[in-house]
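What follows is a pair of complexes built around subunit A, which joins subunit B in one and subunit C in the other.
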Partner chain A sequence: MFSDEFREKLIFLAPILFVISILYVMIGISIYVSMSDWRSYQISLNFVGLRNYEALFSNPRFYTALKNNIIWIILFMGPTSILGLVIAYIMVSTGKEMIFRTIFLLPTAISMTVAGTLWVWMYAENGAINTLLKALNLGFLARPWISDPSIALYALIFVTIWQYLGFAIIIFEAAIKGIDPSLIEAAQIDGASSFQIFWDVIVPQVRHGFLVAVPLLALSALKIFDIVYVATRGGPGLATDVLGYFMWETAFWQRFMADGAAIATIIFAISLGIVIPYALIALRRWFR
Partner chain B sequence: MSINAKMAIAYALLIFMSLFWMLPFYVALVTSLKSHEETYTTNVLQPPSTIDVTPWISAWKSIERAFFNSIIVSLPSTFLCVMIGTLAGYYLSRHVSRATRTLFFLIAIATFIPYQILLIPMTMFLAHIGVMGTYLSFIIAYTILLSPWAALISSAFFMAIPKELEEASYIDGASALQTFFRVVLPVALPGIISTTIIIFMSIWNEFLFAVTLSTSPLIRTIQPEVANLRGTTTVAWNTLMAGSLIAILPPLIITLALGRYFISGLLAGALRGTR
Partner chain C sequence: MVAFRKATSKTSALIIAAIVLIIIAAIAGYYAGLSSAPSPTPASPTTVTTVTTVTTVTTVSPTPTATPVAKQLIIYHWWTAGGEKEAIDAVFKVFKEKYPDVEIVENPVAGGAGAVMKAVIWGLLASGTPPDTFQVHAGGELKEYVDAGYLAPVDDVWKDMGLEEVIPSTLQAMCKFNGHYYAVPINVHRSNVLWYNPKIFEELGIIDKFGDPRTWDLNTFLEVARYIKENKPGVAPVALATRNKWPLTHLFEVLLVLHGGPETYVKFWAGKFDYKNPDDPVWSAVRDVLKTIAIMAKEGLFNSNHPELTWDQAAALVYQGKAAMYVHGDWVAGYFMSVGAKYGEEWAAAPFPKSVFILLSDSFNLPKDAPHPEIAVDWLKVVASSEAQENFNLIKGSIPARTDVSPKYPDPYRPETAEDFKKSTLVPSAVHGGISKEAFVTEMHNILTSLVTSATAGADVDTAVNAAIQQIMQAIDRSGVVSFWEGYTIDYFITKR
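Let's look at the complex of A and B:
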């Protein structure tokens, strides 16, 4: 009945097509729920237009969470990728990258929930950070890191840098190793210093490492949830509140599903600005 | 500056960074082996005067069920994702057309969008088919969420395998499916291992869906259980640290034992290609 070619296509692609269709339908449902009146345990899907968005845009908490997300993206993406590149370069130049790579990868391998838990203890009043600062005669810097609203956000951002540095290192290590060695040799013959080689040869050559790492890091910071849930629940006050946590609390704690869906839709809309160009670039690399 | 001096600075920097990066693990381990009293009376950085394993025992008692729940949930979901993913990934690597490029694009979008947009409809769907509150809810959710990524990761590895291999098999009259299972999969094994590791670790570490689908303590998986331990004020730091270390044992062991596969999986998973 079917041609062999069609049968083959069906066997290989039917399962993924099924999954992908479910996912895209779900995106549609989410957007629809964001325009419904579902605000209790009881499902209710009457269309109310953009009312939930109007409510969201007049809620100051939304702007606090959005601002925190933007700060998170900037202070996470920049340092993680730059530090990742620098460490990868130093690592490769020692020739002992095996051991160091493994060390930096361990935080990447564990869950963000546990990473958050470990760091809540690190940041505790008598925790490792304050103890170390006191031992180094820097006791005046000791503070209750995650219960101080002025620094809690930055303390959590640091944890995500700690977690994702290993990922950035791997991306840049692969990019550095892909550079034609003759470029580096030529610079060395010209008498360039290691710093000049790094700046004039390595950095321009690992552009594509940035194209891979930076969008993925930005996405991770945009959807951030786990660590906020486990470490601060958005507090103190709203100091560490982010869209991902705001969404979850609204939908699954207060049971305002429609309002939660509206926040999810905003996160999704922002993410498309990163995901679509990223997928297009990957597509070009893929089918070269 | 001489080469030796430069190397010395490079090593000093790397070693300092490495030590600082390992500090949370060290502190967790040291704390988890201290008695309740000693956690409050001694310096956090100091090793325990006598090793006390009771925190590990009480932590294991409170998270044992969740640990096994996570295994029960992760293994079948990982298997299904890798199955669905490799079938699609293989096809994508062997057929380049407008249609496959579009499919690749749609899969990539589905892989990288934040999970928040899928959370509410997924719970509606799982409740609708009547599996909420069972292991099946996790297995179905994770299979749907992660098979697209498995397709992309495995496809990167299949790309690197020369097509000549299969041509011989086709000449012998084998079907595409036979060729896939008998000829391609064995050669692609390292790539399949990488894909499996990445998917397994993503499921094991996932939190947003885990906390939402864990509607009862009976089916609660490991990450929400750890978050729960932290939430209850009665749990002491030594027990919490022991519990945290138990929860990260599987990914840590995989990274230490199969680091090479984890790394190539991460690179493929970032859609960077395998080279």
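Let's look at the complex of A and C:
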């Protein structure tokens, strides 16, 4: 019935397909739960249609969290990938890769909860950052970083940039190293400055680096939860509230599993919005 | 050669596939066997112990009457911090002396007030593999498990131990739903206490000028705060911690009892008033309290860095002389003693108000499908015993749930609170799971911190308070707190004295 080759492929693929299918079954169950009336410790799976979504869309907190999530994605993804590229270029062109990699990868190795706790201490009114600013006669820059609702979100976004920079650097380092060295040599012979080389040779050649880094970073920012939980619980007020934390509070503190699943489904839908274009571009490249 | 390699690669692929399938089948079997519905998978650090529970139950599940071979007590609690751990160990010691052949399988899950443990327990209960007993706040938090049908009544323990005679009616009510007792309380904490720095109070002559804090009303509290700000600008009049949000709701709860009295307090938290009508008298009390909090935020009467502090860090401000007052529960006394702060010099405490005692209580229960129900009942009897209550509470910093046990307290704070427990009007705490519903309290955390945030930023107090009241109305609707307490009267929760 099947050719030998096809059967062999099937044998190799079967286990992984099975494992992956479990994930999709779980997603399906979550989506079903989001349309159920499960709102207590007691599991209850009566179908109620889109009622939970209507309730969610009429809750102003949902829009606050969504807005914060979008700000987080934009302000995190852009700087992290651009800084990652610049530092990776400096790293490769100076040849001091070991030192750079150690310095920038260390934050990535720290868990988000530990990083969150550390940064809350540093951000405190009398914490390391303000003390340092005052010592440098820059006291006018000192701020209550996470006590002030107008800057708390940005303070937390900065922590995630600090954490993920090493990850972006590694991706771009690999991308830069994949460029044919003769291109750079040719540019050097033509008398291009290192900035020109960076801008005209490196940047166009590392597009696939962006293709890997940007969606992954966007997804990390979309599902952000741990640092918010550890550092602010979405506070002051709802200034740093995000969908991930909103979902957790709804599902596990309020015991509104159905409403929590509805938020999860929306996070899933947004992540599809990020992943599908990425997948289309990637597929087009590979099957060209 | 090629054929051989092909064969081996096929064999190894088949082996890998078989292993993966076995693992998946095991997982699927575990879930399918226990419940047909999906269960929330707890993100917990207790992998090892969960496995033990699973193996125990698979042997029991076909016939619940079958006696398990091992004599074990599987227990979950969240007492992991210094002092707490020693306290529960003292109860284990009493249990071990009485039942030396029972092995205690302890599953402590760290995380303040069981924030993490609740998710773990939920997973175990929903999948039909409960422990023998677990810690839960008596009151609304316990009722949620009862309503879901996860717990068995423990009326016999109450009867055998004569608990009704020695436990006040409010605490009885917090363990009794649909006419049955579902838990045995081990301790009592008081939520409404004003902690203050005696040096600052003396220096400013506050008690001479405003009287004993035990008798203050809401207005006096605000006046005192303003007076401190005016005369000692370097000191925060009232310490606050909102990093975890709930300490602000805690302040609100205490001020609501102070201003509205116990009945208004219970009506508000249980949703037992005409909440859709803004002219209901409960709203006017709530409005006053919200207004006071907003004014205090606007006038800078709280420490400005409250969003970065946890409850203990705010308490530290008081004994360090950086803040004058702090409204919080009486675990603060344990904290002050653990850091060696001197009573009478660096800290003092006043019940706030003295006439009312807002209580919270930790309790243990008996899940319906507990693998060792008889041992669990033995455990509950130990929990209810005078000996365990005395040993536990001496270390924990709380007072016994039984009023006939009066340990020799080493600290100056607890004798007064133990006395008040017998003489003051009792109501359950909302923030700590006694009354209300956690779904509503969680929304209150966000509403109140948002109120303080906007008032601090300079928003008009009345506008901000009106917005908060609108949000609270919606939260009452959304959280289902009204239907949650249907069939229970206000008097059920109040021990009037």
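The working rule: the second predicted complex is superposed on the first by the 257 of 288 C-alpha atoms of A that agree within 3 Å, B and C clash if a C-alpha of one lies under 4 Å from a C-alpha of the other, contacts with A are read in each partner's own complex, and residues count from 1 in each chain.
In the analysis below, a contact is a pair of C-beta atoms (placed from the backbone, for glycine too) under 8 Å apart; a residue touches a chain by one contact, two chains touch by 3 or more.
Please read all numbers here as calculations on a predicted model, not as lab measurements.
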item: Combined model on subunit A where subunit B meets subunit C, clash or fit; value: clash
item: Contacts of A:V33 with subunit B and subunit C, given as first, second, both or neither; value: both
item: Which of subunit B and subunit C A:A251 touches, first, second, both or neither; value: both
item: Touching partner for A:V19 - first (subunit B), second (subunit C), both, neither; value: both
item: Comparison of subunit B and subunit C by subunit A residues contacted; value: B
item: Which superposed partner A:L141 touches (first subunit B, second subunit C, both, neither); value: neither
item: Touched partner set for A:I74, first subunit B, second subunit C, both or neither; value: neither
item: Contacts of A:F100 with subunit B and subunit C, given as first, second, both or neither; value: first
item: Partner chain in contact with A:M122 - subunit B first, subunit C second, else both or neither; value: first
item: First (subunit B), second (subunit C), both or neither touched by A:A152; value: second
item: Contacts of A:Q42 with subunit B and subunit C, given as first, second, both or neither; value: second
item: Clash-bearing segment of subunit C, relative to subunit B, as chosen among 63-71, 117-125, 189-197 or 423-431; value: 117-125
item: Residues of subunit A contacting subunit B in one complex and subunit C in the other; value: 8, 11-12, 15, 19, 22, 26, 29, 33, 43, 120, 124, 251-252, 257
item: Residues of subunit A touching subunit B in the complex; value: 4, 8-9, 11-13, 15-17, 19-20, 22-27, 29-30, 33, 43, 87, 90-91, 93-94, 100-115, 117-122, 124, 126-128, 131-132, 162, 165, 167, 170-171, 174, 178, 194, 212-213, 216, 219, 222-223, 225-226, 229-230, 243-244, 247-248, 251-252, 257, 260-261, 263-265, 267-268, 271-272, 275-276, 278-280, 282-283, 285-287
item: List of subunit B residues in touch with subunit A within their complex; value: 6-7, 10-11, 13-14, 17-18, 21-25, 27-28, 31, 43-45, 83-85, 87-88, 90-91, 96, 101, 103-110, 112-122, 124-125, 143-145, 147-148, 151, 155, 159, 175-177, 180, 201, 204-208, 211-212, 223-224, 226-227, 230, 237, 240-241, 244, 247-248, 251-252, 254-256, 259, 262-263, 266-267, 270-273, 275
item: Residue ranges of subunit C touching subunit A (in the complex, touch as defined); value: 6, 10, 13-14, 16-17, 20-21, 24, 35, 37-40, 115, 118-119, 122, 125-126, 144-145, 147-150, 242-245, 304-308, 438-439, 442-443, 445-446, 449-454, 457, 478-480
item: Partner subunit C, residues of subunit A touching it in the complex; value: 8, 11-12, 14-15, 18-19, 22, 26, 29, 33, 39-43, 45, 55, 59, 61, 120, 123-125, 144, 146-147, 149-150, 152, 231-239, 241, 249, 251-257
